[in-house]
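Per-chain residue numbering starts at 1, and chain names A, B, C and D are given in the order in which the chains are listed.
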Amino acid sequence: MSLFEGGSIETMIVMREGTTPVEVDHVLERLAEAGARGHVSTGDTVTVIGVMGDREVIAGIPMEAYPGVEKILPILRPYKLVSREFRTSDTVIEVGGTKIGGSHVALIAGPCSVESREQLLSAADSMKEAGASMLRGGAYKPRTSPYAFQGLGVEALEILAEARERTGLPVVTELMDPRHLDAVAEYADVIQIGARNMQNFYLLSAVGQVEKPVLLKRGLSATVDELLMAAEYIVKEGNNRVILCERGIRTFETATRNTLDLSAVPIIKQRSHLPVIVDPSHATGKVDLIEPLSLAAIAAGADGLMIEAHPAPEAALCDGGQSLNLREFACTAKRIAELVQWFGKTVG
Amino acid sequence: MSLFEGGSIETMIVMREGTTPVEVDHVLERLAEAGARGHVSTGDTVTVIGVMGDREVIAGIPMEAYPGVEKILPILRPYKLVSREFRTSDTVIEVGGTKIGGSHVALIAGPCSVESREQLLSAADSMKEAGASMLRGGAYKPRTSPYAFQGLGVEALEILAEARERTGLPVVTELMDPRHLDAVAEYADVIQIGARNMQNFYLLSAVGQVEKPVLLKRGLSATVDELLMAAEYIVKEGNNRVILCERGIRTFETATRNTLDLSAVPIIKQRSHLPVIVDPSHATGKVDLIEPLSLAAIAAGADGLMIEAHPAPEAALCDGGQSLNLREFACTAKRIAELVQWFGKTVG
Amino acid sequence: MSLFEGGSIETMIVMREGTTPVEVDHVLERLAEAGARGHVSTGDTVTVIGVMGDREVIAGIPMEAYPGVEKILPILRPYKLVSREFRTSDTVIEVGGTKIGGSHVALIAGPCSVESREQLLSAADSMKEAGASMLRGGAYKPRTSPYAFQGLGVEALEILAEARERTGLPVVTELMDPRHLDAVAEYADVIQIGARNMQNFYLLSAVGQVEKPVLLKRGLSATVDELLMAAEYIVKEGNNRVILCERGIRTFETATRNTLDLSAVPIIKQRSHLPVIVDPSHATGKVDLIEPLSLAAIAAGADGLMIEAHPAPEAALCDGGQSLNLREFACTAKRIAELVQWFGKTVG
Amino acid sequence: MSLFEGGSIETMIVMREGTTPVEVDHVLERLAEAGARGHVSTGDTVTVIGVMGDREVIAGIPMEAYPGVEKILPILRPYKLVSREFRTSDTVIEVGGTKIGGSHVALIAGPCSVESREQLLSAADSMKEAGASMLRGGAYKPRTSPYAFQGLGVEALEILAEARERTGLPVVTELMDPRHLDAVAEYADVIQIGARNMQNFYLLSAVGQVEKPVLLKRGLSATVDELLMAAEYIVKEGNNRVILCERGIRTFETATRNTLDLSAVPIIKQRSHLPVIVDPSHATGKVDLIEPLSLAAIAAGADGLMIEAHPAPEAALCDGGQSLNLREFACTAKRIAELVQWFGKTVG
């Protein structure tokens, strides 16, 4: 029944209406030169060419540039190692005694950035007590404004390490520059790649060569497939412990900072074996959305959550409950743990 | 401590740097002519004018057009009757013996369109048995292609009415044209306004004058506040039984047909007293995302779900479970009902 | 050389990896039942099915719903009558002695809405004098807020007719509701369908049956192909005098009200024979962008412009030139006409 | 007339309806602690607080987190050094004998990446002959797929330098990793920062310390103001020779690879003194859109263009003219130069 023998169609080339045989032949010759094969189907209106051959070869052929080509329709997904087809069972990643993936849900929490030893240790104690399974805190901070606080750097890394020793919680922190890789890899249990660096390919390659799990955040304008391609960069270098993170995409809606795309969770779990978590804090920018969207993420099948919480000096004032202080985080964490259990999973 | 006496600032006008006193005076005169007031604050760099007065008056002033105006920053939300401030408690809407809002979760299900009497009655029986609280089915179909099936019209409305008598389920169907209003209002229990008509203001006014609840779907490129403004159109005409529906917005992501914006659910519940439901079928276009996103919607606080299901002739083939046939709907509905109960609510 | 005899491939069905022969056969059977044909290509990894047959038949087949189907890739564009393939030469539309399309560039100008007889007649005289080729003015206004001015209705139509008699300029005005069709068609020379109604399919069908040219604006979240599909609705009913209008799409950028998509102009001219104009006023919401973007639209190949201008009572104040009053419009119109001439075309 | 003495309002804080005096006082205390001042305006419905003080101080205050705060409305733009207010006249940048900005339009052209010495020198000769004012060519290539060609690195830089000596054209090439900075700065005349690195803040700081002009491309999901903020990062480090580049943003439209936002050109020129160019090649991904959109960019006021062109081995085949080969580039370049002249400017 197969018309195209000897290989899968990777890509379909649709020729413009009115294309000439010489253009079609030219495409076939260029494909052959590049090491791929094309099979032509000529109809009344349109001619299509199915392209077969090695995925890596085909990825490098500039088919759009050939005369007569109207559009290119990719058939196969462009990643391999991270795909569900490559590995059917869920990848479970172990980090410092806790697990993520399969039936293990990670609850990663902590302040946006490490501001001081007191602030972080206080936060760490509370996170631990509230049931978090990992501690987050930024040492290097990407800031839209050059006039804003840029992070404490190595000092912050040392404070994070102290918090880990004190609480036993593994530490997640962001790497922004390859020149900081050694320092971050020395202190962190999980290296975070932020949304703005999701397609910083040299950085991806660099963390692919380190023996630490990587938490890779989806870019603001990245599709799910581009996120998986970015993960492929890391895995291709030998590091297959990659945790994906949905944290909102940029849309026209301004009621939230970004638009949290929870459909990405079941989509990623269909297409990939890697664990995927959700960051409702950065996605929405609104503390009173954290609990409902954390529960929604769990219900959608997420393997974890990343939540911002910090010691609140204005605790006494906070009866109205506008800010996710440590006490509020404890409430939310309890509710999350209950729902996780209802779904037959466990935190950590 | 108030600098601006006698009214709230509805809007801030930010003048361009280098604006002249004559431009500022001109703005103040035009505001006064229109029946509003402006209070000026001149700083080193920038002059801002707070605008006070009646909301309806201010909405009609073309402030952007005045010389020297840089931008307009609205302070108050532009809707009133649908706002949470106008009515603190949740609106609960009763439809044919079932309820939506507060602790009542609606499960609205059925085929996309009424194709035949047999198809719809079979679907209706299954929906009823699976625990749905309302039946949906299209009589008039908005189709992107003029060459696609456009719906059975009045014949479909009659079939829906028969299904209601048979099952007791109230019927939801879409109104697309004011010329069909009488027919739709005669047969339907809930009149649906589709996403493409969310800003069809004459249609909104028309259903505002009918004594039937209205299910108003969010437009593909509408913000939450625009959805609430569209609801205000209906309520302003006297019909305060409006159910809002999140069904995905248009973004760059192509893995799903649209991007389901579940953050809209808690945002709407903060800003409005109206019930809000979620349609995962139209949002994603993918049957295997319906269950996880239905559960996520419930966890985010939705007051209901709208799900497409239809009798499946290929049931025997369906071991892989790719298509949401009637049996699959029954499974999903059961899971939804369990989670609804976990949250202390009831279906219907 | 053709593997697929007897027809063009309209659509490619890509099956999921691991699809079974029984699923593939099922798809083929359903296609056959519906009156189409499928040709299977089975590879190492993936199976694809090319679908051939009548375009209208294929448009109605719910292929996404079949078990085992991963995705649907359309090959042919879904419109026919409006396509460049259907008619190779540019459509030139004559309206009341002026032309649009080919080497004729329309300059449509006037106030957003008809506010009074004096306002409109004053504007009309100035538009005429400045070299506009048509007059625009709204009689029915779509307003996001139910509290804003909704237009003068029939009274405005009568004023527009008076302006036409006085100046000789053909009149463009928007139709928002099928119940106003007779009135609008009686007075207007060109019936405008606004962006919010671009997919109001009953309205499209209605204006397709009227003997007046239609100016169809692109919806805020509509692709170019969806705009062309909407035009197909009108042309299919017999009215082939459709003018398309790019007026900005909704994106995350807030510096302009919408994002003017000037690439749409050459894209539409490749894909369709219909004339396409640009509305920089609604796209940007900023008067000082109108001139640069009008010139850019002409340079991109647009067949016309639609610009808002109105009599400015604050003329004396306007030295800074912030607002496009009648004098400013005259300057901009002159500059546009010079660039049109540079490109070897004429206004009107 | 000023109510707020001693400073401009930088930001407005809008409090939630029903906010309490204790919350308002708390905000004022926190602002005072941070070194800023707040002025309160309490109305019937809503309380707003105008925030005054040093821009850098205010940028660091987490106002969103304070109890009772509904939203933050920035009044002033968050950049200073790159703003039109900071420097009224156009910045003109001189690069190797050619100029960009003011009345000087740059025409930067060349292949996407340096593939070989022959390919690049051939392209360079043709660019020179066709009237280009600078040569582009990638040495390090950001590729979405890890399986695609990643660039020749230092070898490519050496080839570019040879092409410069041969043709006299200054060379533009992209920097992707701070570890390549020395090499790139040694060979390049202009250092390009790609769209994916627009918010790679460490990289921005690094090129801010180099004595070479920087060509900064707008990110796919970056607003105009974010682009200007990224430029501010560079200028703040001492390098004020920054050229901005519009290259399309990500939207739902798929007819072009990205959506070219030509409104950004006049907007940037209003807000900043820096030159801004347009890259129609990357924006659209379609060779036959390059000429119309290049002309449109010039008409919109762009200070330059960046166009991809390469030696075409299939020249003989190219009668249909689908691919921008060297001969086609020559035609387009001629047309661009003519339009530049019509606007009273010169290339280079």
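Here, a residue touches a chain if its C-beta (ideal position, glycine included) is under 8 Å from a C-beta of that chain, and two chains touch if they have at least 3 such contacts.
All of these numbers come straight from a predicted model, not from anything done at the bench.
The minimum number of touch steps linking chain A to chain C comes to 1. By number of C-beta pairs in contact, B-C leads when B-D and B-C are compared. Relative to chain D, the chain whose mean Cα position lies farthest away is B.
Averaged C-alpha coordinates give centres for chain B and chain C that are 26 Å from one another. Here the CA centre of chain C is 31 Å from the CA centre of chain D.
Chain centres here are Cα means. That of chain B falls 38 Å from that of chain D. Contact with two or more other chains is made by residues 221, 250-252, 254 of chain B. By the touch rule above, chain D contacts chain B in their complex via residues 1-4, 7-9, 12, 14, 17-18, 39-46, 48, 50, 52, 73, 75-76, 85, 250-252, 254.
Here chain D touches chain A in the complex through residues 20, 22-23, 26, 55-56, 59-60, 64-69, 78, 142-150, 176-179, 196-197, 199-203, 205, 219-221, 226, 229, 232-233, 236, 250, 285, 287, 314, 317-318, 320, 322-323, going by the rule given at the top.
Chain D meets chain C in the complex at residues 221, 223-225, 249, 251-256, 259-267, 270, 283-284, 288-289, 292-293, 295-301, 339, 342.
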